[in-house]
Amino acid sequence: MTKELLTPKKLGTRIVSTLLVLMLTMFLCSMIGTEDVSLNAVFAEQTADKINIDYEIFVHIRLPRIILAAAIGAALACSGVILQALLRNPLADPYILGISSGAGLGAVIAILAGLSWDLWWGSPIAVFAFAGALATVWLVWGIGTLTGRSHITGLLLAGVVVNAFFSAVIMFLTSIARSKQIQMTIFWLMGNLNMAAMENYNVIWITIGTVVAGVIVLFYIGPQLNLLSLGTEDARTMGVNIARIQLIAFAVAALITAVAVSLSGLIGFVGLIVPHGVRLVFGPDHRQLIPISAITGAIFLVIADTLARIVVAPAQLPVGVITALVGGPFFLFLLVKYTRKVSWTGK
Amino acid sequence: MSIIEINNLSFAYEKSTVLSDLSFKVRQGSFLAIAGPNGAGKSTLLNLLCAVLKLDSGLINIDKQPIESYSTEALAKKIAVVRQEFVPVFGFNVIEMVLMARTPYYGRMGFQTKTDTQIVKNALKATDTEEFASRQLSQISGGERQRVFIARALAQDTPILLLDEPTSFLDLRHQVRVYDLLKKMQLEKGKTIVAITHDINLAAQYCDEVLLLSQDTDYHTGPAADVLSPENLEKVFSVKGFYGLVGKENFFLPLGKFAKDSSEKTS
Amino acid sequence: MNRWLVLSLAILCIIIIAVIVFSENSNQSPNTPNISDSPDRIVSMAPNLTEILFALGLEEKIVGVTTYSDYPPAAAEKPKMGTFWQPNIEAVVAAEPDMVITLTFQQQKNLAKRLKRINCDVLTVGIEKVSELFSAIESIGTATKTKIKADALVLDIKNKINDFSAKLPAGDKIRVLWVIQKEPLRVAGTDTFVNELITLAGGRNAIGNTIHQYPPIGTEELYSCAPDVIIEPAEEEQPLHIQQENALKYWSKFKNVPAVKKERIYVIDPGPVSRLGPRMPDAVRSIAECLRPELFKKND
């Protein structure tokens, strides 16, 4: 019976294999696009007076976009795992505690203000969206703790209320915006990697670094999250400092989500269904769930974005459309196939 | 040496005082039963003892140190708790559930060692739950689940065990097995057992001391024979019945108006 | 616990150092050959910009347009670069342009940086008002070394408008309602270029100042603003005369609106009036034909 237990070796093998799948996916998707790019041409000698267009497209347009898709997918999926664990609710996604409406409000304000600057830390929309997301999370956390310590229901309700209120403000601002601004808002809200890949490299690197660091920190509190799923009383008597773990988990998850959302807008589905998919196949142990969800989320979004790029070429679909259309049926298939293995409730 | 020491403990929920000025000691390696009617404060006391609740006034010392001075991880290595209610979880199986008790002892990477798995195996064996180690928690009966949680508390390997009605869902065979197991832990491993129980007769047979709480903030402590006397039981539980002796210990069968032998009441 | 934080902080620091190091390198373009004085390969990112480029005689030099660049018909033959809202950057780069002309948008600075790497300049213009149209044409002229043609184009447009204004009778302006959507009812407000066109054509917007650029209005406002003429830009699919019939049928239920009583409902070709570009005089003319059909016959 101990054969079934998770060991470092088993986990290591699974992580390495999924990472390999990710690398392969990223490589294959980098070969796909509206323009034909041949690898030979990319790595050809850089001559003094001719610019290598294949190189430019491959290295400076496609690759940043694919890498960003991987980082954002990882952030959203991992964050979904955390929120589902913290709120003990299988319907939780990374946006449930206000990040979506906060980021959206920030973005809309930036769009309406018509800002345009050239700072190394990102375009106006990204910066405002990031600030909006974090400010809203802080607000929701504050309201939630007012209702009592470790009070999950309070947090959920605060999130719902804040989301509703800010969404209403967004709707109002959008209705009075100029038509161009309305278009920009709509595309941002649908979730889009097109313009994100144009950001400064600094921004892209910071995003990747934050997401990787965040996932590692969350991995280390995996055992505590397992205990947390038993209920706060049992978790406490088995050694978990509830307040501290909740704060760390929530703060880190919020940070990586805010970073992701500020670049890509609101890409849905990834944070909700990737954790469930991974849980259905690999089980609920967070030491496994966290890293593998992150990697799977990355794979999922890279593929979705590639489809978004080519399906209606030369036009581009918002990637949020693909994640919803692809994610739904796939999850249904997983649910039917593996549902005997896992049960949702105790009774 | 008192491993648990309570002095002048008071606690109130909102406006109703549940415990007032409670003082007693639990000797290391003893078996204490906590009994009393519903609402007397038994579960409250249990939650105070494992730091889930914070006391209003008074003092609780665990192993000679105030309970507030323990971090949650340090306290988890001193006290293990078995509760009544089961929170639905996302799908761990029995052995994974019992293994979770070893979390405070995990290495830096957060994984179990061979010692941990051995302790878990022993705990499963002791509670007679080995045969469904690989099954989902939702697929076993309530009684089997209760034994799994006792196994988990054993795996936590603590000097003190707190249990909230550990035999409430168990059949007779397993009730006795659990009490035998707890007694064995006490005698062979020197563990201190504190168990809330409704079964005062089993408590009398297995426990060294009894703490009888009543619905006002009054209480009695002492050996079972003294505390579980007819007068106390009638006063605290407002019930009459048949009193007898089993060896040196009291035995009490509550008899209501419509019980077959209601005429046999001795009090 | 502390160990984990140290570990992640270490990783974060490494990443940040990499950022700084990388950003030093990535700012250098591979090589910098001389950019020829006038751009030879131009990409236009908006339909009205395409029209301007064609009007400046730059057809041969255009190597990419957006999907909706449909005028003049030759523009539709050019390689497509996505839409203004969702540009296909790969296609833009693959076309190896040395100049990209676009309307103002939020992330333009990022796009400009990327294009600089392939020695492509980016010219951004704003064309929200008629005055901005003129300065945009001049900027484009300067950038594409066609200043003379650009000035001529601007002059030509201005002259046509002036000739026009001269023919307009003095006196009350005709009240116009410009309907862009019927269900729910949405009209062009005073803060739009359409409004300017209406004014130039000798009319005035029946709607007063509103907070919305394209306000949704209710039946009450419809009656109170009492337009003399209702103009609807046509939709792509159906033939114009069918749309005209449908429009008349739809508006007939608002019996007491002056425009409906006099049956002055017009569905017009959307091309010139949907974007602010060199066809502006045609747009003004088509509006004037609706307002004063007696003055401006279609063959004038």
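Worth a mention:
A, B and C label the chains in the order they appear, each numbered from 1.
Heads up, the rule we're going with is that a residue touches a chain if its C-beta (ideal position, glycine included) is under 8 Å from a C-beta of that chain, and two chains touch if they have at least 3 such contacts.
The model shown is predicted, which means the values in this text are computed figures rather than measured ones.
If the chains shown are joined wherever they touch, the resulting network is a simple chain of contacts running from one end to the other without closing. In terms of Cα centroid distance from the overall Cα mean, chain A ranks first. Mean C-alpha positions place chain A and chain C at a centre distance of 35 Å. Annotation: 77 Å between the Cα-based centres of chain B and chain C. A straight line joining the Cα centres of chain A and chain B is 45 Å long. In chain A, the residues that touch at least two other chains are 220.
Across the complex, chain A is touched by residues 47, 50-52, 71-73, 75-77, 79-81, 83, 86-93, 95-96, 99-101, 103-104, 106, 109-112, 117, 120-121, 130, 133-134, 136-139, 156 of chain B.
The residues of chain C lying in touch with chain A in their complex are 4-5, 7-9, 11-12, 14-16, 18-19, 22-23, 26, 30-31, 33, 67, 80-83, 85-91, 93-94, 96, 104-111, 113-114, 117-119, 191, 211-214.
Touching chain C in their complex are the following residues of chain A: 33-35, 46, 48-49, 51-53, 56-57, 60-62, 110-111, 115-118, 120, 123-125, 175-180, 183-184, 187, 192, 194-195, 197-202, 205-206, 208-210, 212-214, 216-217, 220-221, 313-316, 318. Within the complex formed with chain B, the residues of chain A that make contact are 1-2, 4-8, 88, 90, 220, 222-224, 226-227, 229-231, 233-234, 236-242, 279, 283-285, 287, 341-347.
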